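Two complexes are shown next, each including subunit A; its partner changes from subunit B in the first to subunit C in the second.
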Partner chain A sequence: MTVRTDVLAEFQKVAQEQGKKLAPLSDGLVLLESGLDSLCFAIIVARLEDRLGVDPFNASAQADFPVTLGDFIRFYENAAAR
Partner chain B sequence: MLHAAHASFDLGSLERGSCLDGRLAELRGRSVVLAVADQALAALALIELDGLARRVVLCPADVPPEHLPHVIATAEADAVVSDGTAALPSLPTDALFVAKPPKTSAAEVERQPQRTTEWVLLTSGTTGVPKLVVHSLDSLTRPIASSPARGPLPLWSTFYDIRRYGGLQVFLRAMLGGGSLVLSSAGEAVGAYLERAAALGATHILGTPTHWRGALMSPSVRRIQPRYVRLSGEIADQVILDHLRDCYPDAGLVHAFASTEAGVAFEVADGKSGFPADLTGARIADVDIKVEQGSLRLRSPRTASRYLGANAEPLRDADGFVDTGDMVEQRGERCYFVGRRGGIINVGGQKIHPEEVEAVINSHPQVRLSLVRARKSPITGALVIADVVLCSDAGAGDSRSLEQEIKEHCRARLPRHKVPATINFVPALEVSASGKLERRNA
Partner chain C sequence: MTSRAAIEDLLRELYAARLRGDLDGMLNTFTDDAKFEIAGATDTSPVTISAAGRADIRAWLALLIKTFHVAQQEILSLTIDDDRAAVHWRGGVRSRITGVSMLTEFIDVVSVRDGRIATYTEFFIPRHGA
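For the complex of A and B:
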């Protein structure tokens, strides 16, 4: 599994659990238009931390928060590579 | 009779002798810390000290030794009664007393009560340093006078330490009602205690819901045939009440609201969790009950009078009410405890009481016990997560599918922000010395 597949899998799983209709996933998808709300993102971030061992949202001096799904995946790829 | 694991004591033995080795007279008028690990010996010493000492501080067996200097200083104690094994802070020799099984003492001691002794109980503060709560024999025995025993003399038993409020109630009931009491010993397994209580024919048995969940895991739980089963000290949810009803169909099943500070407030005997809403605003026996700003508040002669210590906060408000800090929610004609005021988890501005979520998780047939806690989230501030202990017959299946199943179970019954984001299956949960689930980051 790559970071990308882990992230995409969590998006789909959480959307399904939370009864949210997920927009088609592409790197250009704006997160706020993905159909997920803040509770969904909180759960995704917690589960990715368990899976990957990193929480880039909590790391100090990070770059800007991700806006698109592509940003989000790179956010995790960069943190995981550290 | 007091039945301990190692011996039984006839309380009549105190008429002929003393467990304080002839030094009882020296304790007259003193402030005494009673730090005897053995419950039976502590009970005997306590009976001797009431009416003699100015103040008695009851230390349960598990008070960490590093807290003793704080307890001694706060109680302004000038005597410590121990069993001679505990590591004690350095004190003058004439302040140290050792309790031993009663022996006939040479010097007769005047047994007539000479003063009203303050009974001081320890309760765990939020920081873990014990708070000292002042009661009297009168405040402690008030709840007992209002519920006389019927039928043959009871044989009491309890999972509590009798130095804590819940256990002390059992001890005093046994002493005043003429019954006997089966005491647990430090380190005694629940199963072994239940076997002993069964062999002696225990009729009345008391503990916290957490004690009972532990007891129900022991096959020995079906060896006792109690007439009376009582829960207090934590929220009694419907699942634990149903389990106990199922296990003891003929027993009186009562859950009571009681706390060290507020005393016993009321009892619920209909086998349902929560309590009738019309209790709020009412006066039941000598207890005024109200709910204000969501929390249960009580005023009665059963409450403690104050905390000890120079900078101690007031225990009662200006009107004499004790704020229990236990949050109550009314649903229809019933009120339910939803958790502690301080224990709230805030998920994106939505408040969640862990106990409410635990009650739902615990109602899943394969769950024995659960602890809901907060996990920090950079998105919502916090998330709800759960540690779950499964029933012994569960766990054979796939844990991931069971995790999904428990989450579905929660989703069907709770708003989505209250559903645990992750579930960890754990072999056991930590239970505090007072028999309640340990809530660390609550």
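For the complex of A and C:
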């Protein structure tokens, strides 16, 4: 499994569990148009922290936020590479 | 029966702990077998959380505290009737994941037993960008 496949798997799993209709996943998909709400993202981030051991949103002075799914995956790839 | 003043103190302790991001402080206001629900709607879909017992509630509160930062909390009204209370409050809620901030209004309906919250149901609706 790569970071990308882990992220995509969690998006699909949480959407199914929460009864959300997930938009087709692509790097250009805007997160706020993905069909997931903020609670779904919170669950995804918590599970990815358990699975990957990283939380790229933990920085107290975080200035950047992911806009698209591609951004979101890159946040994790960069955090996992550190 | 818990006194009116004690219920008000308990609820103010809960909201102060939420503002501080104090998980244990929040959890200490609940009974061991408390029932906890959150129901609301975003622009796109309904949101529902349901938990029973401290361990389950702890997991959800930890997730909420870590993800959603509350600022400018304002209690608009607090009504107490016997062992039940309703609190109308609002605050700026910011997701640390998306960076989106929303002024959000909440109605919390609680029942109290032995000086702790036995049931907690929160309804919320985002009003506009904070």
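Note that the second predicted complex is superposed on the first by the 78 of 82 C-alpha atoms of A that agree within 3 Å, B and C clash if a C-alpha of one lies under 4 Å from a C-alpha of the other, contacts with A are read in each partner's own complex, and residues count from 1 in each chain.
Assume a contact is a pair of C-beta atoms (placed from the backbone, for glycine too) under 8 Å apart; a residue touches a chain by one contact, two chains touch by 3 or more.
These numbers come from a predicted model, not from an experiment.
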| item | value |
| --- | --- |
| First, second, both or neither for A:17, with subunit B first and subunit C second | first |
| Contacts of A:31 with subunit B and subunit C, given as first, second, both or neither | second |
| Partner chain in contact with A:50 - subunit B first, subunit C second, else both or neither | first |
| Partner chain(s) touched by A:39 [first = subunit B, second = subunit C, both, neither] | both |
| Footprint overlap on subunit A, where subunit B in one structure and subunit C in the other make contact | 38-39, 41-43, 45-46, 57 |
| Interfacial residue positions of subunit A with respect to subunit C in the complex | 20, 31-32, 35, 37-39, 41-43, 45-46, 57, 62, 65-66 |
| Of all residues in subunit A, those that touch subunit B in their complex | 17-18, 38-39, 41-43, 45-47, 50, 55, 57-58 |
| Touch list for subunit C against partner subunit A, complex | 42, 44-45, 47, 49, 63-64, 66-68, 95-100 |
| Subunit A contact footprint on subunit B (complex, rising order) | 347-348, 375-380, 383, 385, 407, 411, 416-417, 421-422 |
